[in-house]
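Some structures to go through are shown next.
Presented sequentially are two complexes of chain A, the first with chain B as partner and the second with chain C.
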Partner chain A sequence: MKSLLDERHLVSSFYVFFLIYTNIIGIGIMSFQRDITKDAGYDAWISIILSSISIHILVWMIYRILGIANNDIIHVHKFCFGKWIGALFNIFVIFYFLILALIVFRVYIEVVQVWLFPLMKTWQISLILLVLIYYIVSGGFRVITGMCFWGTILPLIILFPLNFFSLEFADFHNLLPVFNHSLKEIVSSSKAMLFQYVGFETLFMFYPFIKNPDRSQKWAHFGLLFSSLLYLIIALITFVFFSEGQLNHTIWPTLAQMKIAKFNLVERVEFIVVSIWLLLILPNVSVKIWAGCRAIKKVINVKQRISLVIVLVLFFIISNVLKERIQIERLNEMYSNIAFYFVYLYIPFLFLYIHIKHKITKGGF
Partner chain B sequence: MFKKRRMRNNKDKQAVTENSQDIGKLFAKVKKSSDFKQFPLTDEAGHLIISYYNTLVDQQQLQLKILMVFRETPYELDRLEKIDDIKKIIAIEDIVITDNRKEAESKLLKGYAILQMKENDQRVALIHLSNDKAGLREQNNVENEFSVVGPQIGFLENIDVNIHLLRQQINTTDLITKEVNIGSTSNTRVIIAHIDGITSEQHVNTMTQRLQNIDFDVIFDTSQLHQFIEDNSLTPFPLLLPTERVDRAVQALINGQVAVLSSGSPYVVTGPSTIIDYFISPEDYFLPWILGSFFRFIRVCSVLFSIFGTSIYIAVITYHYEMIPNDLFGSLSISRYNVPFPPVLEVIFLELTIELLREAGVRLPTKVGQTLGIVGGIVIGQASVEASLTSNVLLIIVALSALASFTTPIYKMSNTIRFLRFPLILFASIWGGLGIVIGIAFLIIHLTRLESLGTPYTVPFYPFRPEDLKDSLIRSSYSKTSKRPNYLRPKSIWRYHPHNHKKKKSDFDE
Partner chain C sequence: MKLCFLLTFSLTFLLSGCGIHERIIDEVQIIESLGYDREEGKVKGIAIYPTFAEKGNVKLKIYKTVSDSYEDIIPRMNAKSAYPIETGKLDFVLFGKEYATQGIEDVITNFARNPNTASRMQLGIAENKAEDILQASKHVNLSFHLSEKINQNIESGNLPKMNLHMFLNNFHQEGRDPILPYFILEENQIKIDGLALLKNDKYIHHINLRQSLILKTLIDGSQNGQYKTKITQNKKKGFILLKNMDAKTTYTVEKSEGIPSIFIDITIHGEIEKASSRFDLKKDKDIVKLERILNEHFKEEVQRLISLAQGYNVDPIGLGEKVRANSNKWDYQRFMDIYPKVKTTVHTNFQILNTGIEE
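Presenting the complex of A and B:
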């Protein structure tokens, strides 16, 4: 398949692994345990697997949709719904990506304020982080992918092993009895888990930037598999470390369990953990902002350099306006509802619709 | 805009040359210099006139090859009817017959003598008498990239000797040297060397193109050229690798890089380079691969320590003192007990002292420099601790990180590392550990954005090339590194074919 873009902007299909991974693993992995155990208790690990399977199917669908169009979702919308309605959908997509980025960004700032610097003003930290994001996104997609690469490798080497220190105090009986919850409870916990996977839809935007996109599908699935494994391992460690009642009062269980690690030279690691977490957050946020800006460019033809600055200024303002945790949580909840419908209803709908339309127009695109 | 200006410049130059086409005007101009000589070779005035700068030519050659011929054996004169016949009489290989005034002028300035049959003759012979070696250094020991094992041959200021050194090792006709002259005043000879059939044409063309586009007056050194031709000038990192070691330059050429030599510079610039190239010492290849890899690893670690050591100290002491274990806390707090400054001032004070010592040590003559090191290192360090301006622990960290920054084999990179510390110190003093990670993120993005002659700077890590990792952080054995690195896009991938002897899987005692 011939690509629409200049060769030097493309990344090889292997990097889809890192792109998918960093888009999924962001802020959620610090706190997802509490949300998923609300309904399914310690059977929630089943719902991690269930939701992972469903996302695999969705990724497959996305590849089919984009395979027909050989372009991004903006183009797909224009093709399916015409210029005006398509534009409406596209504007929704822009907001979808940008708000997701905003939530991740704001929650990370909150984590920093809670764990590192309680007195730090939001504007200080958001300003420097936004400058950093500008530097990443303005480098273009290859630089963003590079950041995804490093943001995968470095935290994985440094942070992931810290989880295992808490196994010293593990109680494996916590996991028993298995299948203690009804199917309905497990499904509703899967729904909560879904929000942790949100972000993989940026594939809709960066698909044209992949060299040999048709060959990249296996890497997308690998990335997805790897992230769900990571979720599973961390969830299991949390389940054996915390009792259910304890977990209910812990907002960031992953951080709390990493805190157990202790070394000869370093007594408390959470300062290191929260700092290095930034390397995961940065690519996560920048891919989404990049996707938003790219969509803006394609819909209303504004240069990415300009729209990026506007978006970042908006980020700065909004993240300062959202002062309390309750506000952030409300935004989060609202967004996860929308994301649920977007992912589970809209993507299959688009999948069917484009197939039918493709058949009717006899492959004309 | 630049193009236009250049075109206009060219026009101006043409106009000038047309006006003063004749050689006479050239002589009128050069006669103003006291070292210019012009006299007839024979007794006949206005006949066989030789003109040259006596500071540029080799006096001995002039006397032996020219004056002897014309003054001792007068019968030769009969054979000389046209200026073109001069080639038969004078036993010098490089004689050019021309009537081009521009060529005459440039050759005259390169140490040629101009010979005219008659005064105001336009057609002249240019005889090569230049004295290339005059005033140049003869000793070519490696001075700045020293190694214990291996050859100690370095490049010299003489470009022909340098090419000679390269040709000794790369003994094939495939070593191609392309010459360009750069510098409107200095007219410096710059040579682009590459190996035909190995180096990607793209690199050679990019390099040549960029060198030809340079518009500058005097080229002193290749490090200047380096600044003109690198891809991004807004970076502290060197994007092309300067080296004074012959083996290093040969290695680069063999791998498929391009080398640039400039007359008057003992440094050869090679490219495209990657960040890991700056941590590779030729000595790694002379040691067994396990030792080579180990020392390379030590080098990389020490550089990381050198960059982050002091900023981590600031972050921990200022913000994250909870991180310090109980046992360590006692000694740390005692060492800082009397220090009245915040850690960041303490660090900046010490770091600047070390930088000052280093800078002064470089400028001073060697013998005084050594004394200065002792005075600075021991006396000032000890005194500042006793005066409780700084803490003992910090003194150790700063001294170690200064030491560690010297482990990079390439001086330019060690400068970069010296510099990188300061922004990180600033970040750490404002945002603690988070600040350091912000600094790291900036560094990573910056490195990812860099390119050297169009090749990504962080290859083989990103873009990830597992094949090329064999000679990056570790130096694999020679049987594994028989292929050239892929990122250089060499035309032939095999450097040599390693012996494929099968591993004997015999049991012991058999």
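Presenting the complex of A and C:
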């Protein structure tokens, strides 16, 4: 299939791996263990696998949907629901991406404040980060993809091995007994796990920017597989490192388990961890903001650079308004409910709808 | 784009100055050990801090303060210090026995709340007053020697793995009670004299160093440690000192509706470090005999330790944890009720690897 865009804007299909990975691994990787063990206890590793399988199916569906349209979701909505109702759906998509970016952004600031600089004000951190994000996003999609590449490689080399230091205090009995929880508990834990995968839907927006999009599907699945493996390994390490009671008291288990590592020169690794983690957060937020601005451009025809500035100013204001942890958590909770319906109901619905519509109009696109 | 770059560049440099609470090593007062005592209904806090008068020469000094509760001990010390007190390097917290019998949960969970607290921080309980121990430690003039004492004894001595993380893990876990090193003063020198057994966060009892080694083999399987015991071989009484005890312990839980019974299988490989010259160690037959004697001895000691723990209703070994790992329905409250009645069968297999290079 020929692409709609000029060759110089495109990225090769191989980079979809990094795009999917950085979109999934963001803020959740530091704290997901507590959410998923709430229901399923230490059987929650099963739900990581289950939810991963379900997301694989959804990625397959997204590729079918976009393959028919050979364009992004904005176009699909217009085709499926007409100009006005389609626009309504598109506005929802814009907010969907931007709010997700906002949550990741705000939670990261919170982590910096709690772990590194308790006296630093939100506006100071957010200002620095937003200027940096502006710099990345205004560089265009290829620059963002480059950030995704480094955001994958560097944290993986530096941060991931730090998890293994905690195995010194591992107690593998923690994992026993296996299959101790009912199916219902596993499913509700999988639902909590789903929110950790949210972000892969930006594929809906960057699909037209992939060279040979139909060949990129395997990289998308690889990226997904890799992220779920990472989740699985980190969760298992956490489970053997923390007793279940202790995990309930730990807000950021991954950070806490890296903290046990100790080197001669670096007494506290968490300072390094939180700093390098920014490399993951930056592309994660950037892709989502880019997706939002791209959608704005296609819906109301505003130049991407202008909408980007407006979005970033809004980010600045809102992240300063959200002061307390409770507010952030409430937003997070509300969003994960919406994301659940969007991902598990709306994507399959769209998948069926576009196939039927495609049949009726006899391939008219 | 250039403007944007300049803006980013300048902002990062300008803003990095504000808000970041700089902590330069010369301008903060790090404390390395902290002690809590209860004195006439009040809490007494003792902190040890190093001063560096000249290069390579550390002098330890002490802050003491009294308050009606533990929370403001550090702020009160701060009022005495020329530089703000930093707890980031704090790696040893000691509790007086009287303080520990009333519970140490608040102090420890509040340390855990602070991101600056090291997970490897060591805790301890003093036989009498924490103040006595810390006062004696002042004369050592070696930074961090108290926590190093514990670490060294975990590595090569009779203590099982311990630190703040392990304490919190055991404290919050259903089915295992925490243990802490037990400090005494001997000839005005600080000595770790075994382990303190805790129920939840309260001091219950303490065991000596020999029992600590047995507890260590039961908890994580030891690799070293030394063990002296009095035995009778060929009707001759004498002492024997074993070293490099390499032990592995496996637990099998018998599932039954009533009271669970646990089968404990311990394999110990040891070397003879010193033995009374009255013993015969030349012939293989004698060695086998000695092994049999030690086998019996360890079996008895393990049983004694378990019944001691059951008598005090504490579970430092984590028998509850073993039962939990083997049962589908886990009810901690119910287990606590039946814990003193849990049956254990111990099987030991002691092997003497060698007796040194001379007979």
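Following the convention adopted for this analysis, the second predicted complex is superposed on the first by the 365 of 365 C-alpha atoms of A that agree within 3 Å, B and C clash if a C-alpha of one lies under 4 Å from a C-alpha of the other, contacts with A are read in each partner's own complex, and residues count from 1 in each chain.
Simple rule for what comes next: a contact is a pair of C-beta atoms (placed from the backbone, for glycine too) under 8 Å apart; a residue touches a chain by one contact, two chains touch by 3 or more.
Predicted, not measured: the structure shown is a model, and the values here were computed from it.
K.L.:
Looking at the overlay, does A:Y346 come into contact with chain B only (first), chain C only (second), both, or neither?
P.N.:
neither
K.L.:
Tell me which partner A:L127 touches in the superposition: chain B (first), chain C (second), both or neither.
P.N.:
Touch partner of A:L127: chain C, not chain B.
K.L.:
Please work out whether A:W60 is in contact with chain B alone, chain C alone, both, or neither, and reply first, second, both or neither.
P.N.:
A:W60 sits against neither chain B nor chain C.
K.L.:
Using the superposition on chain A described above, determine whether A:I276 touches chain B (first), chain C (second), both, or neither.
P.N.:
First partner only, chain B.
K.L.:
Look at A:H249 in the shared chain and tell me whether it touches chain B only, chain C only, both, or neither; answer first, second, both or neither.
P.N.:
Only chain C is touched by A:H249; chain B is not.
K.L.:
Looking at A:F164, would you say it contacts chain B, chain C, both, or neither? Reply first, second, both or neither.
P.N.:
A:F164 sits against neither chain B nor chain C.
K.L.:
Using the superposition on chain A described above, determine whether A:Y135 touches chain B (first), chain C (second), both, or neither.
P.N.:
Touch status of A:Y135: both partners.
K.L.:
Just chain B (first), just chain C (second), both, or neither: which does A:F117 touch?
P.N.:
Both partners, chain B and chain C.
K.L.:
Looking at the overlay, does A:F92 come into contact with chain B only (first), chain C only (second), both, or neither?
P.N.:
neither
K.L.:
Show me the chain A residues, by the header's touch rule, that chain B contacts in one structure and chain C contacts in the other.
P.N.:
After superposing on chain A, chain A residues 117, 128, 132, 135, 267-268 contact both chain B and chain C.
K.L.:
Would you tell me which residues of chain B are touching chain A in their complex?
P.N.:
Answer in residue numbers: 319-320, 322-326, 328, 431-434, 436-438, 440-442, 444-446, 448-449, 458, 462-464.
K.L.:
Along chain A, where are the residues that touch chain B in the complex?
P.N.:
11-12, 14, 112, 116-117, 125, 128-129, 132, 135-136, 139, 142-143, 146-147, 149-150, 264-269, 271-272, 274-276, 278-279, 282
K.L.:
Which stretch or stretches of chain C touch chain A in the complex?
P.N.:
Residues 1, 4-5, 7-8, 11-12, 15, 18-21, 88-89, 109, 112, 115-116, 118-120, 161, 165-166, 168-174, 176, 321-322, 324-328 of chain C touch chain A in their complex.
K.L.:
Show which residues of chain A lie in contact with chain C when the two form their complex.
P.N.:
Touch list, chain A to chain C: 114-115, 117-121, 124, 127-128, 131-132, 134-135, 138, 169, 171, 173, 176-177, 180, 242-246, 248-249, 256, 259-260, 262, 267-268, 270.
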